[in-house]
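Quick one: the structure is below, and I'll ask about it shortly.
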Amino acid sequence: MLLEARGIVKTFGSFHAVDGADLTLAENELIGLIGPNGAGKSTFFNCLAGEARPTLGKIRFRGADVTALSSAAHAGLGLARTFQVPIVFEGMSVRENVMVGAFLRHPARRRAEEKADEVLEFTGLAAQADMLATALGTAGRKRLGIARALATEPILLLLDEALAGLTSAEMEGAIALVERIHARGITLVVVEHIMEVIHRLTRRVLVFNQGRVIAEGTPAEVTHIPAVIEAYLGRRAQGSPESRAP
Amino acid sequence: MSITRRGILAVPALAALPAMAEAAAPVRIGCIEPLTGNAGSAGQSIKQGITLVLDIINTPHPDLAPLPLAATSGLPRLGGAKVEVIWADNQGSPAVGQSDALRLITQDHVVALCGAYQSSITLTASAVAERYGIPFVAGESVAANLTQRGYKWFFRTTPYGPDFGKLYLDFLAYVAATGLAVGKIAIVHENTDYGTSVAGSITEAAKARGRTIAQTISYNANGTDVSPQVLALKNGKPDVVIFVSYTSDSILYMKTFHTLGYRPPIVIGDDSGFSDPAFPKAVGNLAQGALNRSAFVPGKPDSITYKINALFKQETGRDLDDTTARAMQGFFVLCDAINRAGATAPDAIRAALAATDLPASRLMTGYKGVKFDSSGQNTLAYSLVIQLQGAAYVPVWPLAEATAKLALPFKGWT
Amino acid sequence: MRASLRRVLIAIAILLAIAPVLTQDAFYQRIAALVVLAAISASAWNVIGGYAGQVSFGHSVYFGIGGYAALLAFTKLGLPPIAGAPLGILASFVLSAIVGLPSFRLRGHYFSMATIAIAALAGLLVTNWGYAGGAIGLMGPATPRSPADLLFRSPLPYYAIFLVVLAILLVLTWWMERSRMGFYLRAIGSGERAAASLGVPIRRYKLYALFISGAFTALAGSLYAVMIGFIDPDSGFGILVSVNMVVMAALGGAGTLFGPLVGAIILVPLEETTNALLGGGGTGAAYVAYGVIIMLIARFSPGGLAQFLPRIAARKSPRAA
Amino acid sequence: MILLQLAADGLLLGAVYALFSSGLTLIWGMMNVINFAHGDFVMLAMYVAFFAFTLLKIGPIFFVPLAAMALFGLGVLVYVALVRHVMRGPMLAQILSTFGLALFLRYAALWAFSANFVSLPDNLVGGVYQLGGIRLSASHLLAGGTALVLTLGMHLVLTRTDLGSRMLAVSEDRVAASLVGIRAERMQALAWGLGAAATGVAGGLIVLFFYVSPEVGNAFTLLAFVTVCLGGFGSVPGALIAGLLIGVIESFSAYWLGPATKDVVVFALFVVLLWVRPQGLLGRA
C-alpha cells in the first residue's frame, strides 16, 4: 500500500468538513476524487497534502505515519500537490519557478537548473522557460504548477482541478500530460469536476458527499449508483454555483 | 555645485551706513537649531531672537548701549565687519546635527558655532567642532555631561541642571520661612534627556541638603493623556509639584488639573513647556500662580531688557521667553568674544572666549555675569523665580529682583 | 541569476573609485559615508523584507542593539566602541530566535504591526533602563584614546570601513540570491502555501534570513554609533530608523540586489541637500520636497527605481492582470 | 474612588482612541492599504476646526461638519490622485506613497501654520461634570459619545445599507463586484472619502481638549495602528472595543506601574496577543 487514510475527520468549529473518510492507494494508481461543491473533497485533499491536520484519523504513507507532518515534510517524502488556483512566484521566470521545486532534491544550483530544464521539456514549457511566470495565461500557469510539483520528484502527485477553466484544446494537452506523468510511474490523485476527464483518465473513482465517501468504483459504475446521481449529479443539475469555495 | 546657502542676513538698509565703511568681509557664525520636529516651535523662536541680536549688533542701537556691540555698527575691532548667521535645521536628530556642524565648518567656513537646543544634539555637533578646532557656544542646552568631556572648544553660557536644583531649593527654603509647608516635594518629569537630567539634578540638590523627594513620576513625552499622573499626585498630596516637561504635556497637565479639580499648594514648572509663549496663551487661565524659572524678565520700562523685549514683540507679536533669551545671550557673548579677538582665527576666538568677563550690567539675562571655568561652564549663570500672574510671568524671587509679590498657594483657575 | 558577480564587483569598484574624487570636501565625504551606511542597513533589511517579503517595520530593534552594544562596550568596559559590534551581532541572533519565530506566523500587515510594536517596546524598555543611560543615551569617547576608537576628523576612513561591510553584505546577498536560499526566500515572499507544497521549510528559511538581516543591521547600528559617537533610544530604536530602511529599499527596489543601494544613493543626498539648501529657512520645505519626490516615485514607479537598471528592466514585463 | 475615576478616564481615553482610529479602520480594512498619513489627516482636521473657530467664529456644531467635509474632499483627492495608482501594486509602493504623503502634509502644515502650539479656549463645550465624585470634562464626554455613535453608524452603514454592501463587495472582490455592475472606482473613492470624513469628525472633536501642532498626529498614530490591528482589520466594532481596552489598560498601568511604562504594557500585551491570536481580537481567521 502506498497511501492509507483511515477515518479522517476534520472539523471547523462544529462543522464537520470531512466526517470519517477512508482512502487506500496502491503504487502507480490513478484515481479520481469527485463530489459536489462543499462535499469535503478539498479539505480531505488538504489533509492528504499535510496542509490541514485531521481532527481524527491516521494517514500512512509507505507505512510511515504522516498525519501530523507539515506540508513541506510531505513534499520531502515524495507527496506533492498542485493548487486549484495556481500561485506563481512573482518576479521569477518560468524556469526559476520550477527550480524552487527542483532544489528539494538538488541543493546545488547547477543540478537544480538541469532538473528544471528536464521537467520543462517534459511538460512542454521549454519554450517559455525564460519568460516571467506572471506573463503566463491560465493554462500555462496550471501547467507550471504541475511542472513545479514534478520537479520535487514526487512518488504521489495530488492534482487539484488541474483542468478546470481550460479550453478544449488545452484540455487535450493537459490530459495527455497527466497520462505521461502516470506512465512515468507516479501515482496520481485527481480532483476534478469534469466527468469526461474522469472517464478518460481514471479507472477508480471515489465520490464524496457531506464529508463522507458515498461510493467507490469505476467511473461508469459510480455514475449509475442512485445515491451518487442524487447527491452529486442531481445537485449539480440544480446549478450550484461553480465558483463557491468548498 | 556647492551646497551652501546665503544665511539669513538681518541686513538693514545699506544706504544708511556711512559711505566710508569699506566692506569688511562678514563674519559668519553657524547656528544649529531644531527648526522642524517636536521642538520646532522653540527653534523657530530662537531663530527670531538671534535674528534680532544680529540687527542689534550690525546696526547702531545706542539706547541699548550697555550691551556689547549694541551702540556700534558691526564688529568695530574687525573693521566694522557685519555678523552673518548661517542657519541649519537639526531636525531633532543627533546625526543631522553632526552633519550640520560639518557642513557649516567645511562648506560655509563659519568661524564659530552655536546651538543646538537639544542636549543630545549639542553633544554630537560640538564633537565635530572639537575635532575641527572651532569654538562652540551653547546658550541653551542644560545637560550636565556637556561640560564634563574635557573639551577645549566648548563653552556654555546658560545655567545648567545643578544650578536649577539649587535655585528651587533656595526658593523653597524661603517659602518655608514664610510659614507654608514645603516638606513633600513631587517631581513630574518627561523621560527624555532634558526631563531626566534636570529631575536628577533637583533630586541631588535636595539630597545634598538632607532632603528627600517624596514622589517622582516619570512619563513619556508628547503623550495622549496625563490623568493617571494627576491622580497619583492627588493621592500623594505633595506640598510642592515640580514639572519638567515640554509644551504639549504642560498644556495637558493644566487642563487635567482643571478637569480633576486638583490644586497643589505650590506648582513649579521648569522652564521649557511652561516658558513656551503658547503655554500662557493656551492655559493661562488655568495655571494662575504657576511658578517657573527664568533668566529673563522684561523689567522696568526704561531697562535694556524691556527694550529688547519690546523689539522682539514688535517683530513677533509675543514676549521674549527664557529659552530664546538664553540663546540670544549666548550669541551676544560669542560675538563679543570675536570682536575682542580682533580676528577670526579659531585660536584667537577661543582665547577671547576663555578670557570673557562680562558683568551683569552688560547682559540681557539675569546672570550675575559671564565667566567660564576650565570646563567651559559659565560660573556666574543664574536664574530667577517667576510666577504666572494674569497674562504674563512676573519675577517674584529673589526679592531684590522681584517686581511683583509672590502669591501662594497656586490658584489655577477661578 | 539576476546579477553576475562581476556586476557586484563593478558596482563596488565604482563606489571605491568615487572616493578619491570626494576627497576635496569633507561634507561630501560625509554624505558618501552616510549613503554607504544607509545602504548597509537597507540592504540588510532587504534580505528579510525584500527577498522573503516579510515587511518588517521593526528593524530599528537590531540597529539599536548594535548601537548600544558598541557604546556599552565603551562606557562599561572601556573598550573601543567597535569591540561591541560582535556582541551586538550575538544579541541580534538571540533576539531573532526569541522574537522572530513567534512572529513568523503572522501574515502581511499583522506581521508589520507586530514588528512595529516590538521595536516600540524595545525603545521604551531602553528608555527606562538606567544602566544603559536611559533616556539620556550613551556617549562615545570624547577624544580618541587609541586608533582603535575609530575617531577620525575626516569622514573618509568611515567611508572605507562602511564600504568594506557593504561589499561583504552585497557579495553575500549575491551568493544567496543565486543559491537555493535565495530561490526559497523569493518563493516564500510571493506565496507561502505554494512554497511549502514544494518542500520549502518556511519558518527555518525565514529565520535564516532574519539572522543575516538582523546581524548586518546590528552591525550598521554599531558603525553608526562609532561614527556619530552617541546613541539614545530615539536614534537607535526610533520608528524613523526602521521606516528609513524600508523606504530606501522600496524606493530603489525591494528584493533586488542593488535596489537598497540605489535607494540610499538617491535618498541620503536628497535629504542632506534639501536640508542644507532649505533647512535653514526653518519652514519644513526640505521635508515637503522630500515627501513629494517619494510620492512621485511610488506613483510612477511602484516597483522601485532599480527596475530601470538595464538588465533587470528587460526581465520585467507587465504583470498579467 | 480613584479606581472609578481611573476607569472612567480610561474609557474616555479609549473612546478617543477609537474615534481617532475610526477612519483608519474603514480605509485600512476595506482597501488593505495602510494610511501612514492618518495622523496627519487628523492634524489637518484639527487645524480646520481651529481656524474655523478663530477666523470664522463658528462653534463646534458647525466646525465639526466643516472639518468632516474638508477631509472628505481631501480623502477623495488623495484616492484619485495617488492611492488609486498604487493600490494594486506591491504593498511597499503603498507604504512609500502614504509615507510621502504624511511628510508632505505634516511639513506643509508646518510651513503654513508654523510649529507653534495652539489650542481652543477651554470652555468651548460645557465645563466639568461631577458624577458621585468622578469628574469628567464635557468635551471628553462629547468625544466619547460621538465615538460610540460614529462607530455604530459606520457599522450600520456597512452591514445594513445597500451602499455598505456594495462597498464591502468591492473590498472583497473587485472584479466580481464590477461584473455585477458595481462601479468599483467610485465605491473606493467613496470609502476613502468617508474614512477621511470620519477622521475629520475625530479631529474636530479632539481639538476641543487637545493642543494642535503639525506634529500632533504623532501622539496618536502608533496607538491608532495598534487599535485597528488589535480589533481586526476592517472590524469597526473591533476597533471600538480595542480602543476602550487600550484606554483602560493605559489608565490603570500608568497609575499602578508608572506612566513611563504604560505603553510598555500596551505594546507587550499587543505583541503577545498577536502571537496567540494572529487575526486580532475580532478579526476573522
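Chains: A, B, C and D, in written order; residue numbering restarts at 1 for each.
Here is the rule we go by: a residue touches a chain if its C-beta (ideal position, glycine included) is under 8 Å from a C-beta of that chain, and two chains touch if they have at least 3 such contacts.
Keep in mind it's a predicted model, so treat the numbers as computed, not measured.
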Chain pair, A-C or B-D, that carries the greater number of C-beta contacts: B-D
Chain whose Cα centroid lies nearest the overall Cα centroid: C
Distance from chain D to chain A - Cα centre to Cα centre, in angstrom: 46
Rounded Å distance, chain A centre to chain C centre (Cα mean): 42
Length of the line joining the C-alpha centres of chain B and chain C, rounded to whole Å: 37
Overlap residues in chain C, where contacts from two or more other chains coincide: 124, 127-128, 283-284, 286-287
Per-residue overlap in chain D, given as positions that touch at least 2 other chains: 107, 110, 214, 260, 263
Junction residues of chain B, two or more chains touched: 35-36, 40, 43-44, 191, 218, 220
Set of all touching chain pairs, with the criterion as stated earlier: A-C, B-C, B-D, C-D
Touching residues (chain side chain C, partner chain A) in the complex: 178-180, 183-184, 186-187, 190-191, 193-202, 255, 315-317, 319-320
Chain B-touching residues of chain C, taken from the complex the two chains share: 25-27, 30-31, 34, 124, 127-128, 134-137, 139, 142-143, 151, 153, 155, 224, 228-230, 232, 234-235, 272-273, 275-277, 279-284, 286-287
Footprint of chain C on chain A - complex, ascending: 49, 51, 70-72, 75-76, 80-83, 87-93, 96, 99-101, 103-104, 107, 109, 112, 131-132, 134-137, 148-149, 151-152
Footprint of chain C on chain D - complex, ascending: 28, 32, 34, 82, 85-86, 89-97, 99-108, 110-111, 214, 222, 225-226, 229, 233, 260-261, 263-264, 267-268, 270-271, 274-275, 278-280
Touching residues (chain side chain B, partner chain D) in the complex: 35-38, 40-41, 43-44, 191, 217-220, 222-229, 231-232, 234-235, 247-248, 251-252, 255, 258-261, 276-278, 281-283, 285-286
